[in-house]
Amino acid sequence: MLKVFICGGSGYTGSELLRILALHDEVEIVGVTSEKSAGMKVSELFPAFFIYKKLKFESLNTEAIKNRADVYFLALPHGKSQQVAAELLQAGKKVIDLSADFRIKDVRIYEQWYKTQHLFPELLKEAVYGLPEIYREKIKKARLIANPGCYPTSVILPLYPFLKKKLIDTSTIIVDSCSGVSGAGRKADITLSYCEVNEDFRAYNVAKHRHTPEIEQEVGFASGSSITIDFTTHLLPLNRGILSTIYASMKKDLSTAEALEILKEQYQNEPFIQIMPEGELPSMKYVRGTNYCYIGAVVNPRTKRLILVSAIDNLVKGASGQAVQNMNIMFGIDEAKALRSLALSP
Amino acid sequence: MLKVFICGGSGYTGSELLRILALHDEVEIVGVTSEKSAGMKVSELFPAFFIYKKLKFESLNTEAIKNRADVYFLALPHGKSQQVAAELLQAGKKVIDLSADFRIKDVRIYEQWYKTQHLFPELLKEAVYGLPEIYREKIKKARLIANPGCYPTSVILPLYPFLKKKLIDTSTIIVDSCSGVSGAGRKADITLSYCEVNEDFRAYNVAKHRHTPEIEQEVGFASGSSITIDFTTHLLPLNRGILSTIYASMKKDLSTAEALEILKEQYQNEPFIQIMPEGELPSMKYVRGTNYCYIGAVVNPRTKRLILVSAIDNLVKGASGQAVQNMNIMFGIDEAKALRSLALSP
Amino acid sequence: MLKVFICGGSGYTGSELLRILALHDEVEIVGVTSEKSAGMKVSELFPAFFIYKKLKFESLNTEAIKNRADVYFLALPHGKSQQVAAELLQAGKKVIDLSADFRIKDVRIYEQWYKTQHLFPELLKEAVYGLPEIYREKIKKARLIANPGCYPTSVILPLYPFLKKKLIDTSTIIVDSCSGVSGAGRKADITLSYCEVNEDFRAYNVAKHRHTPEIEQEVGFASGSSITIDFTTHLLPLNRGILSTIYASMKKDLSTAEALEILKEQYQNEPFIQIMPEGELPSMKYVRGTNYCYIGAVVNPRTKRLILVSAIDNLVKGASGQAVQNMNIMFGIDEAKALRSLALSP
Amino acid sequence: MLKVFICGGSGYTGSELLRILALHDEVEIVGVTSEKSAGMKVSELFPAFFIYKKLKFESLNTEAIKNRADVYFLALPHGKSQQVAAELLQAGKKVIDLSADFRIKDVRIYEQWYKTQHLFPELLKEAVYGLPEIYREKIKKARLIANPGCYPTSVILPLYPFLKKKLIDTSTIIVDSCSGVSGAGRKADITLSYCEVNEDFRAYNVAKHRHTPEIEQEVGFASGSSITIDFTTHLLPLNRGILSTIYASMKKDLSTAEALEILKEQYQNEPFIQIMPEGELPSMKYVRGTNYCYIGAVVNPRTKRLILVSAIDNLVKGASGQAVQNMNIMFGIDEAKALRSLALSP
C-alpha cells in the first residue's frame, strides 16, 4: 500500500482527493492537514465522508510529517506550497503540488502574475507539468509534479495538436471559459454566497486572470513560439465544471471533419480524452464528477475560424483527479485506477 | 412627499426596501445606513440600483437622523432595533421595525428565545403586530410597527380563519416550512456559500427556530387559547420564497371545498391574498418578487386532517413589502402603492 | 461474469443502472431496451456513457431476450412490468422489478391506487420487497424482487425500529417529503421544463401520492397493525435526492439521545445506513450519487413529538443502487460491490 | 386608453407582455390568443397573473380581431407572423412583431437562414428595426416594428459606437454569448427539461445561429460595410438573462477609459443603458426582470483587443420590454412607462 499524505484537506481540491482516494485500493491516506479544522475528524467536517472516522485533520508541520508517507499532495495556497515542497523533496519524498507554485518556468513571469517571490527557482526546472497527455514520460520519473490549473487543462488539451502541427495563426487565439463555483474554493465570501451567484452570470478577471501565463507557456511550448492570448473567465451558477470555447484563425483551410481527425489521431490512446462526433459538442454534464475531458470542434465556413469546445470537471481532471492520475503514473499503478467513474448524470 | 429613512440598508431586507420604494411616487428616501458600507454610494454597492446615484450609506447615529424623516424602517439585527426605535419614537417619529424586537408581547418569552434582554417592555405593549389582514385598524393609528417574520406571515394567514372559528384541534398543529436562501441574510458564511447550498436541501433549527413563539403567540390570540406547535424549517436551493405546509386535525369534518370557502370568506376583500381553486396548490413562482400570499387547502379524506399550503416571497410579503404595506396604511396612502408587481415568471 | 439485462434503459433509473454497473467487475451487461431509442447506441444517446460503444438499445421482446441473461432489471412503467416479469420467471430467470407492480401485496389496493388491473396476483405473494435492511434473508433466496419506491425507502428505514418497538402512536404519523426532479422521470413535459421548476418549489399529489399505500403496508407490517398516514410530496429545484421529515407522537417519552440509540442499534451493521450524531441532521448533499441513507432524529421537548429526518439519492438508494444491492445479495456477491462511491460533494 | 392585443400569449414573450403591461396605466389589453390554451382564462394558465380573471385565450383569427385594438403585439413563431402582420397593417393597425419575420432586410438572407419563404418583401422595406437607441426617430412614425432579437440587442448596443466611429477592425469580431433557458421558449422538450439543463452548460448552434445575419446586418449598417462575425451561443442553467462577451481588434489604440468614454457619450441620454465604471463589468443579476442594458469595456493591454461585456434580460430588453418601449414611443407615451422596475435582486 502506497502511503499518501494530503496537505490542505479542508478545501475543495483537498476534499476531492479524499473522495477519489476512497475508491483507490492501492493507497492508504496516512494524514491530512487543515489549519482551520485541526483536531476535527474528517468525518465531522465532511459527514459525507463518513468512512474517515479515524482520520483527524492536523496542523501542517513539515518536519513532523516528512517521514510518514511516500507521496504528498499539496492542496495549499500558492506561495505556501513552495517551502513545503522543498522540504519534502529534501526528505526524499515525492510531491504533487496542486498550487501554481511550480507551473510557470519563468520566475519573473510567476512573480509578476502572482505577486509573490519564488524562493526555489532551481526546483522550477525540475518540476514536471503534470499533464499526462503531453508529459507522461517525464511524469513517470518525476519527483515534483506541478499539477496543472483547471482552466489551462481545458485549453491546452484541445489546442495542442493544432499548435504542434502549426495549423493556426497563434496571434488570433481567444479563449472564453466558464467555470462552476467550486473553482473559487471553499470559503466564506459574500460574492460567492448562494444568492449572489444563483441566477447570475458574470465575467471576472478579464484580461488579467492568473491562468493566462500558464496557458501561454504551454501553448508556446507546443508551437515553438511565444504566444499572447485573450483569456476571459466567467462564473457559472453551478457547482462543478469548466467549458472553454476557443477561437483561432487557421493558417490552412481545414474542414470540421479534418479538425476532428487531428484531435482523434492525437488522443486515440488516451484513457481520459473523448472526441465528439461531427455535429456534436461537449456538454458539461458529460464530465460531472469524472476525470474525462470531452473535446469538440467546428470550423466556421463563413469566417474560416476554428472553434474548439472542451469540457472538464474542474475539481477532477482540472485538479484532484489529474493529481491522482499523476500519482498512478509516478508509482507504476494502473493510470485509471480510482478514476473510472462515469458522469453523475443527471 | 413622505420622507423615509432606512436604518440598515445593505442587507437583503434593506436593499429590498430600496427596490420597492424606487417605484413609490409618494415617498422620498432621505437617508440609509450601513456600518460596513458607510461612505459608499448605494449605486456602488448595488449597481442594479443605479438610480440611487446620490444616496450614500451613512453610519447609524440616531441623534443625527431623528429629525430627517417622517418614518423610519429598521432593518437591523434583533437586539439592536430596540434602542433605535425607542429614541425615534421619543423624537415623535413613526417606526416600522423589521426585526423581532417588538413582535413577542411576553418579555420572558422574547428573552428566552432571543437570548437578549428587552430594555423597553412598555413599548411592547404599544407595538402593533404589522399583519394588515388581521390588525389593519390598529396599524392605521400605530406609531410602532413590529413587522412580522417571514415564516410567521406564511403560517398565520392560512391558519387564522380556522382558529378563529375553532375548527381545528390546536394540539395537533405541525408546520413544515421551506425557505429560499435570502431568508438567512446577506453575509459571508461558508454554510451559505453557493456550493454548499446548491443541489442540497436540509432541515435546520428543528424544534428550536425563533419564529416558533411568534407563530404560537398569534395563532394563540386567534384561537383564544395557548398553543404549542411543531415547526420545522428547511433551506431550499433558490433565492426567494417560503412555502409552508401545515397539518392539523379537525374538530369538525370539513370537505376541501368547505375549507377553501372559509379562506375565501375571510380574505375576499384582501388585495394581497389569493386562494387557490380546489385541486390546485400554490407554487412559489406565483409570488416571486411580489407582495402576494397564495393559499391552498386539501382535506385528506383518509386521515381527516386539514392540510394548508401557503406561498410568499420572504423578502416582500415576508419582510419589506409588508413593511411598505404597513407604511401605506399608517400614512393613508393607497395600501397597494408600489406593491402591484406581478410575479417575475419565469 | 453474471449476465445482466436491462429492460428500459433510456429513462433515469435505467441509465443509472448503466452508470453504476460500469464499475461492477463481476457483471456484464448483455442487452438493454428502449422503445424510443431502439437502434441507437447507448453512447449516442448518453455521450457521458461513452464506454458503451457497442451496446445498442433494442426494442423489448421478452421471447427474444429471455435466454440471454441471468438477471433482468425491469425499469419499465408500472402495469408494463407485470407481464415481462412473469415471462422471464417462467423462463427460469431472476427479475428485479423497479416498477411498483409487485410492491403492494393486496391486489385491491394496487388496483385502486394504480388504476390498472393486476394480472399475476400469485406472483405478488412470491415477490420479495427489496429493502435489504429488513428483508435481506428473503432477498437471498428470491426469484422476484419488488424494488422499493424512492419515497418509501426514505420513510420506512427511519420509522422501522420505532414501529417494531411500538414506541410511537401510529395514528399520528405525518410524512413531509421533498424530491429532486429526476424522480419524475426523463420526459418531455412542460411542467418539468427548466424554467418551470427552477427557483420554484411546490407540493404535488397531496393526500393522493401512489407511494402512500406502499409506505402504509410496510410500516403496518413493522408495527403489526394497520396504519394510515399523511404523506405530502414536494418538488425541489435540484436533480437528485429525497429528504423526508417524519413526525409522530410517542407512546413513551424518549430523549433525542435515546431515539438515536434505537436507530444505531437497529442499523449498526448495515453498510448503507448512517445515523447522525445528536444535534446534527442529514443534508441531501451527503448522499448525492451514493447508495447511503442518512438518518437523524430530534425529540421536541415542548410537544413530545419524535421528528425523524432522512436523506437518500432517489436514483441510487431510492432505485437503481438498491436494485444492484439486491442483485449482489441474490447472487452472493459482496453486497456493496459497485456501490461504495462517496457523495459527489460539492 | 390605448387598446392592445397580444397574438401568442402563452409563450414566454407573450406572458412577459402580460406581466409588464399589468403595470401600464395607459393601456388596456383587449385580447390575447393561444392555440393550445384557447378557451382558458389567462389566470388559469398563469395563476401568477391572477388579475386577468376575465381575459380568455382565444384562437387566432385575424379577420375577427383586426378591429378590436389600436396596436397588436405578435409573439408568434417566425414564418407565422408575416401574414398576420400584413392583414393587420392592411386594416390600418400598428404592429409590433416580436418574431424574426421583418428583421432581415435582404429577403434572400432571411430565406436562407430561416428556411421559409418571405411573402411580403415590400413590408420588409417599411418595417423599422425596433432598437430605440438607434432608430428612435423612425420608430415614432412606424406602422410596423421588427422587434429585435435578444442576442442581437445585447451585441449591437455595445458595438454600435465603435463601429460608427470606425475604431475596430470589423474582420475580427467574435461574439461569445450565453443565455438563460427562457430564451428557448416555453415548450415540452426533453433537452430543456430541468435535469438536462441544471448543473450543465453547453454551446449550441455554433457557427449557425439564426441571430447571426441580424447582428451582421445591423453592425454592417453602423459601420457602412459588410461584416461577417463569429457568433457562439451557450445555454446557461438559469431562467433569464443574456451576457455577451465581444472581442475585436482595434484600428487605433484606445485605453479602457477611452473606450468607456465612447460608450458614455453615445448613451448618456438613454434611459435604459448603463455604462459600468472602469474596473467593473456587468453582472446578469443587475438586469433581472428589467429593461436595462448594462455595458462594460476592457482593453487588454497585452493583445490590444477591445473586450465588451453586456447584460440584458432576454425577455425584457431582449423581447417584451423593448416591445413595450417601442409601443410607448410609437404612441407618444412616456418611453419608460411600465418599464422602470429595478432588478429583482437577489
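As written, the chains take the letters A, B, C and D, and residue 1 is the first residue of each chain.
Everything that follows uses one rule, which is that contacts are C-beta pairs under 8 Å (C-beta built on N, C-alpha and C of every residue); 3 or more make two chains touch, one makes a residue touch a chain.
Keep in mind that this is a model prediction, so the values were computed, not measured.
Undergrad: Determine, using the mean of C-alpha atoms as each chain's centre, which chain is farthest from chain B.
TA: A
Undergrad: I'd like the Å distance between the centres of chain A and chain C, where a centre is the mean of that chain's Cα atoms.
TA: Centre separation, chain A to chain C: 36 Å.
Undergrad: Report the inter-centroid distance (CA atoms only) between chain A and chain D in whole Å.
TA: 39
Undergrad: Among the residues of chain D, pick out those that touch two or more other chains and give their numbers.
TA: Only 12, 182, 186, 195-196, 198-199, 237-240, 282-283, 285, 288, 346 qualify.
Undergrad: If every chain is a node and each touching pair gets an edge, what shape is that graph: line, ring, star, complete or other?
TA: complete
Undergrad: Which part of chain B faces chain C closely enough to touch in the complex?
TA: Per the touch definition, chain B meets chain C at residues 172, 174, 176, 178, 195-196, 198-204, 206-207, 228-230, 232, 234, 236-241, 243, 245, 247, 281-285, 288, 298-303, 305, 307, 309, 346.
Undergrad: In their shared complex, at which residues does chain C touch chain A?
TA: The touching residues are 12, 15, 18-19, 22-23, 46-51, 182, 186, 199, 239-240, 274, 276, 280, 282-283, 285-289, 292, 294, 340-346.
Undergrad: Inside the complex, what are the residues of chain D that reach chain C?
TA: 12, 181-182, 186-190, 192-199, 237-239
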